[in-house]
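Several structures are given next for inspection.
Shared chain: chain A. Partners: chain B in the first complex, chain C in the second.
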Partner chain A sequence: MNQAAPAPKENMGQPVPRIDARLKVTGQAGYSADLAAGNVAYAALATSTIAKGAIQALHLDRARAVPGVLDIVSIGDMDQIEKPKFGNTGASSIGPLHDKTVFHDGQIIALTIAESFEAAEEAAMLIEADYAQENPSASFDSQGTKIEPAAGKSPMYKEDAKVGDFDSAYASAEVKIDQKYSTPTQHHNPIELFSTTAWWQGDQLTVHEPSQNVTGWKIELARQLKIDPANVRIISPYVGGAFGSKGPMTARTAIVAVAARRVGRPVRCVVSRMQAFGTQTYRAETRHRIRIGAGKDGHITAFAHEGWEVTSRPDPYVVGGASATARMYNYGSVLTHVSLVRADRNTPGYMRSPPETPYVYALENAMDEMAVALGMDPIEFRRINEPQKEPIGGKPFSSRSLLKCYEQAARAFGWSRREARVGSMRDGDWLVGMGCATAIYPTAVAPCAARIRLTADGQVRVQCGSHEIGTGVRTVAGQMAAERLGVDLDKVSVEMGDSALPPAPVSGGSISTASVCSAVLKACDAVRQKLFAAAVGEGGPLAGSGNAKLDMAGEKIVADDGKSAALSDLFKTMQIGAIEEYAEFAPRGSSPEALKKLYAGESEFHGGDQDQDSVKYAFGAEFVEVRVNSHTREVRVPRLVGAFAAGRIMNTRTARSQLMGGMIWGIGQALHEATEIDQRHARYVNRDLQDYLVPVNADIKEVEVILVPEIDHEVNPAGVKGLGELGNVGTAAAVASAVYHATGKRIRDLPIRIEDLVT
Partner chain B sequence: MRPFVYERPADVSAAVAVASRFADQQDQPTKADVQFIAGATNLADYMKLGVAKPKRLLDLNALREPTLRQIKIGDGIIRFGALVRMGEAADNDDVRRICPLLSESLKLAASGQIRNMASLAGNVLQRTRCEYFRETSWPCNKRDPGSGCAAMEGFNRQHAVLGTSDGCIATYHGDFAQALIALDATVEIEGKRGARRMEFAKLHRLPGDTPDIETNLAPDDVIVAIEVPFAAWSRRSHYLKIRDRESYAFALASAAVALDLDGNMIRHARIALGGVATVPWRAKAAEEALQGKTLDQEVAETAADAAFAEAQPRRYNAFKIPLGKRTLVRALLETRDMKV
Partner chain C sequence: MPKVISTGTSTVSKLSRRSFMSGSVLAAATMPIITRSAKAEEPPSDGQDNARALAAVSMRVNRQSYNFALDNRTSLLDALRDHAGLTGTKKGCDHGQCGACTVLVDGRRVLSCLSFAVMNEGRDVTTIEGLAAADGSLHPMQQAFIDNDAFQCGYCTPGQIMSAIGCVNEGHAGSEDDIREYMSGNLCRCAAYPNIVAAIVQARDETRRS
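The block that comes next holds the complex of A and B.
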């Protein structure tokens, strides 16, 4: 045990290393664009340089003349196929090569295919377009945007949460704040670039592409290409960072498939980092107005959260995080309202804790302001407003360990050493500040299938069409199978990332561990039942132990009467070499169509605030120390402490790693990350990792993750709450509060940059 | 990327000969058909982006003259061969002892990997990172003379406030050059016109009406060495770099400072400012303001005000004026307090 492999506490699994760790650090894990694909031709995208208008003419002659160019797919060449759809599996309804309208900067206008990557790229750079240009609306403050209520625009955001009479409660509150907050545009920028490799064998199409949803993509790609889904296979064995960006399929996939059909050989398109900004999804900028009213004793009586979110003209992507902030504390009355602001931009999409990151940032920054207004310790303020029941529907929380998280994190952080007065802590030329904030993430689970095969020699194979996006799900699925079937983890192999495997839901919403483990559990239990029945049955090695409780351990069936039977012997009596079980797991409360939807690539989520019996969330508390130079005002973060409770922790190593990564990203969101938009032209300006800043190693010093034991049998059979997205939810607000504590400046617009503090 | 010819000349005269054969003397080195590479960390990047389009690349790494790869110290001069890598110069103990400013300016630049590739001559000749310059679909007077400047009214947070013109406000981002200009360095050049020396301060040109003309070099000029004078005072020298993150980022503002002190009284201050100007920027007015003064916060602030008296802010970069001033103040005080 060490810091990276924390000792398991109650209801926590072993910190076993990832089963693919060695492959990854030695470069042997094959990512999509690494996989051999025969006589591959290379493709490159040409993209629009305006954000709004129409293409009048495309000049392809110079591109065609580049030696090695095989073909160019451009506008009009996709007429035989269906346009993309916007939704959970489709990034946008824009079919960039279907018509001549330009909806946003960086929209695909052509795909060049050549013998070499260099030739394809050169040709793409030589493509010129004549545009009929119109004045684009870049963002919130631009002319020509359209503002509309978000409620009902997305199945994920049906209505604005409301309870009680906010207006009168707020009017009569003794202490109140009314403030505005904002978060910037952000792009995921996973280190593995986006890519598609497609090839046809007869009418069979195979696609290698990093994906968080191979089953969904298979169905959607088949729909667009008007072919039988049985003829489409999506393979995505490893994903080098996704964070939501590889969840919905983009228009490129079908375009590359069409290109491969045209040239009659495999085609590979690796999208440049710059082009990813316009051709993939991203987190659009948000704005917030928060009003909180409380009595002098600190009890909140009124809470209002209004949000504004940018989306594209054609697609209503809704973030809608007010549903989480509305359920956070015991507010008395609640008013929320979310608006969409349509601009000439590409369609945004999911990015790690999509609703919570921006909305909880605003709420928690406001909570700190309110604590200051009340002259109260910010932890005490949260303790006073800890709800017994969820404030909107009055349902109980399936479990809620927030205060325990605060206690443990505060102790480890040394909160008691904090001097409350602003600007009172100093270390030489550095102003010191301390802040804290709550993290929350809904606990959801979705239908999932898995197949388990156990052979007489104790080897286990787990098959499940989920995705290893870096979270360690392969490892925890293997751990679950090893534990249930009583074998060592090194005897378990786990196959994922292939649409030919039993379907799993999209790897999003932190549902994977819960959903996959529940399905694996079910399949393992079916294997166990068969083996147990044979063991105690007539002629079985444990005949006569029929009333004993049976379990599997050490490659044996063990009975609590002391008897046991080796697997190999049992298989012999059964006269079989292997046993295989296929299980379909559907969460409690699933609709009758839930499993059908699973095979159709649609994930039916349960949990969060959607269930009848209770609301289900994971919580955490994050503490941050900042240092601000008294001369030059740069902000640095020497220390982070987070305590999180998330039901059963399958593997303390991978759990810590997820939470730590989230907190580090939170530092990026607080201090570094922002996609800059040229407001005149609605174009992204800083499209590379030189100018799109994320923290580097030197920015991250001490990070401590505390796993707080929690038992929750209600959430799902595995008792697991997803935690992949929990870690980055509270961080930015904690940083903002710490910066306030150090400097007396409340920065409400992220990221907090030197220009906010130097003037 | 467009096809190009790649050659590795064997010595400096061969490099000059090939360059003068294929380059039009009227061309800027950055526009010529033939261009040099050393570490290629700057030029290859811009070739991929379609910003630079040489037809022929002359790789200087095979040049046989050993002095190109050596650091020689003697007679009050540090002589850096042009091909010395940034990392090697940064790690040189003698240089660090004699003049910490030089080492710090290199060590705080780029990343370890880039410093291992990049040469000192290539470093001082690195071109701006202006986002609009790097993306060929924007108008840019530096890339396409006369096309306009997209940054002027665009997103210009990283742009310069000193040495700007109506045609261009792009920042010169290098760090080492600030040390060199502060220390009155000299470059040694070999070209068709023979060997010559140039004050480092004359190497770069203000944008003015011709932002496309960045240096006073001809396309066949090879920088062979950089010479930096040193003396006892250069031990009290320091580079302070302020940036958005702790490492691997260009300066938002930086200050190169060397102080010749008599007790607390300033005999002579040498100051250059990075991240805020269009070229390596010597802050003579600030130096004068310090001459003969006892250095304290207030005096440092007066010098900083003098340094930025002519600054021209744009929409997103106005903060560079207060930040640049504070950076200089802090650098002056830290340099004063150095134990040498």
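The block that comes next holds the complex of A and C.
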């Protein structure tokens, strides 16, 4: 045991190392662009240099003349296929090669295909376009944006949550705040570059591309190409970081597929880091106005959260985190309203805790301000406003361990050593600040299928078309099978990341562990039932133990009357070599079409605030110590402590790592990450990893993760709440709170930079 | 173009033999390229195209000799991945900003995306595929990364491990603060940083001895 492998507490699984760890440390794990595809031709993108207008002419001659260039796919060459659709499977409705309209800077205008990477790149750089250019609207403050209500624009955001009479409650509140907050554009920047490799064998299309949704992509790609989905296979065995960026398919996939058909051989396009900023999705910039009113005793009576979010002209992507903030505390009255601001930008999309990261940041920074206004300890302020029921629909929480999280994190952090007065804690040249905030993430689950095979020698194979994006889902699925079938984990193999496998939902919304483990559990239980029936049946090795309670352990069927039968003997009696079960799991409350939708690539989410019986969330409390240099105003974060309760923890090692990584993401949100926009040209400026800052090793010191035991049978059969997106939700507000405590400066616009603290 | 020939006598492990095999398959599969490339070798009419010419480059990779014929513009990273079939080394930015492509050249860590292959004539290159022993036993740094869960998605991991070995051998792993500083050229977007530091501390002494 070391720090990376915390001892399991109640309702927690063993911290076994990742099932694919050896492959990952030896360079043998095959990511999409690593996979052999035969005689590959290389492709490169050419992208627009304006953000709004139309292409009048494309000049391809110089590019075609580059030795080794095989073909160029450009505008007009996609006429025979359907345009992309915007939705959960498709990143945008923009079909960049379907028409001449330019919707945003960096839009694909051509794809060059050549014998070598160097030739393809050279050719792409030689492509020029004549544009009829218009003045673009870059963001919130630009001329020409269109503002509209978000409610009803997305199936994920049907209405603005509202309860009680906010206006009168706020008017009569004894203590109140009214403040504005903002979060910037951010790009996921997984270290793996985006790529597509496609080839045709007859009418069969195979695509290697990092994906969080192989089944959805299979269906969508087949629709665009107007072919039978049975002829499309998406393969994505390992994904080099995703964070939402590989959830929706982008226009490039079909373009590369068309290119492969034209040149009659495999085509691989690895997108440059710079071009990814405009051709993939991103986290939309948001603005917030929050009003909170309370009595002098600290009880909140009125809460209003208004949000504004940038999206593209054609696609109404909604962040919509007001539905989460509206349910966090016992407010009395609630008013929320979310607006979309349409600008000449590529379409934003999901990025790790998409609604919660910006909206809960704004709320929690406001909660800290409110605690200051009340002269109250921020933990005590949250304790006073802890709800018994969810405030909008009045439903109970399936479980809510927030206060336990605060207690345990506060103790480990040493909150009692905090001197409340601003600027009172100093260590030489460093101003010390301590802050805290709540993390919350909805617990959802979706239909999922899995196939389990058990052979007489105790080998288990798990097949499920989910995705290993670094979460450890292959490991925990294997653990679930090993536990239920009574074999060691090293006898279990897990196949994922292939649309030819039993379908799984999109690996987004922190649903994978719950959904996959519930399906694996169901398939394993079907195997068990068959084996148990044969074991106690006539002529079976446990005949006569029919009333005993049976289990599987040590490659045996074990009865509680003390008898047992080895699997190998039982298989002999059954005269079989293998037993295989295919299970389809649908969560409670699923629609009659839920499983049909699973095969059609649509994930029907259940949980969060959508269920009839209860609302389901995972909670955490995060504590941060910052040090602000009194001369340079540099901000350092030497210490982070987070305590999280998320139902059953399948593996304390992978859970800790995800939460730790999430908290460090939160440091990035707070202090580093922002995609800067040239307001005149609606163009991203810092399109590389030198200027788009993410936390590096030297930015991070002590990070402590506390796993708080919690049992919740209501959420799903596996009892699991997702935690991949929980860790980064509270951090930024905790940092803002700590910076205020150190300096007396309340920074409301992220990221917090030196220039904000200089004067 | 991608003509991969092993002239080395085989002292190689199973692993590097497999790498060699995949390189050969690649070469055979891309025969048409050589036709095209031969054209590129003709004197260019405008005299400006020399960057495209093929160069013969020889180097040792993971104790095995490779003779490449490469576009002068080919990076060491692309030579390893696309021409030697050693895809363990990763491309994360192609600009020397992320560290995913880190390999050891003559024992020192190098960003292979910032190094033209032709600059490595006669050098000795070690990639992630060359770390484990012939019997499959892992380098102490590889084992330490597993023990400390020093990765999640695993994509930056080959670069982290190669960089970690370089960091120790340079004498920059004396303290945890030193490790953090000298490992900050290797980005981990999953943010396994505390675990990476713990892994390097665990493997430090054994790495120095190995």
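Points worth noting:
Keep this in mind: the second predicted complex is superposed on the first by the 759 of 759 C-alpha atoms of A that agree within 3 Å, B and C clash if a C-alpha of one lies under 4 Å from a C-alpha of the other, contacts with A are read in each partner's own complex, and residues count from 1 in each chain.
Convention: a residue touches a chain if its C-beta (ideal position, glycine included) is under 8 Å from a C-beta of that chain, and two chains touch if they have at least 3 such contacts.
Keep in mind the model is a prediction, meaning the values are calculated, not measured.
In the superposition on chain A, contact is made by A:G30 with chain C only, not with chain B. Here chain B and chain C are compared by how many residues of chain A each touches, and C touches more.
Once the two complexes are overlaid on the shared chain, A:E676 sits against chain B while remaining clear of chain C. Applying the stated contact rule after C-alpha superposition, one finds that A:L193 touches chain C and leaves chain B untouched.
When the two structures are aligned on the shared chain, A:A698 is found in touch with chain B and with chain C.
In the superposition on chain A, contact is made by A:Q690 with both chain B and chain C.
Within the superposed three-chain model, A:T49 lies in touch with chain B and out of touch with chain C [touch as defined at top].
In the superposed model, A:E714 makes contact with neither chain B nor chain C. In the superposition on chain A, A:D525 makes contact with neither chain B nor chain C. Applying the stated contact rule after C-alpha superposition, one finds that A:T632 touches chain B and leaves chain C untouched. In the superposition on the C-alpha atoms of chain A, the part of chain A touched by chain B in one complex and by chain C in the other spans residues 118, 122, 690, 695-699. Within the complex, the chain B residues that touch chain A are 1-3, 50, 129, 131-132, 135-137, 150, 153-155, 157-158, 242-249, 252-253, 318-319, 322-323, 326-327, 329-330.
Contact residues on chain A toward chain B in their complex (touch as defined above): 49, 118, 121-122, 125, 274, 429, 629, 631-634, 636, 671-672, 676-680, 685-687, 690-691, 693, 695-699, 753-755, 758-759. Those residues of chain C that touch chain A in the shared complex are 1, 15, 22, 25-26, 29-30, 32-33, 36-37, 39-40, 49, 52, 71, 73-74, 78, 81-82, 85-95, 97-98, 100, 127-129, 131-132, 138, 142-143, 145-158, 161, 179-181, 183-198, 202. Partner chain C is touched in their complex by these residues of chain A: 2-5, 17-18, 20-31, 33-34, 36, 38-40, 67-68, 115-119, 122, 188-193, 238-243, 270, 272-273, 468-472, 653-654, 656-658, 660-662, 664-665, 688-690, 694-703.
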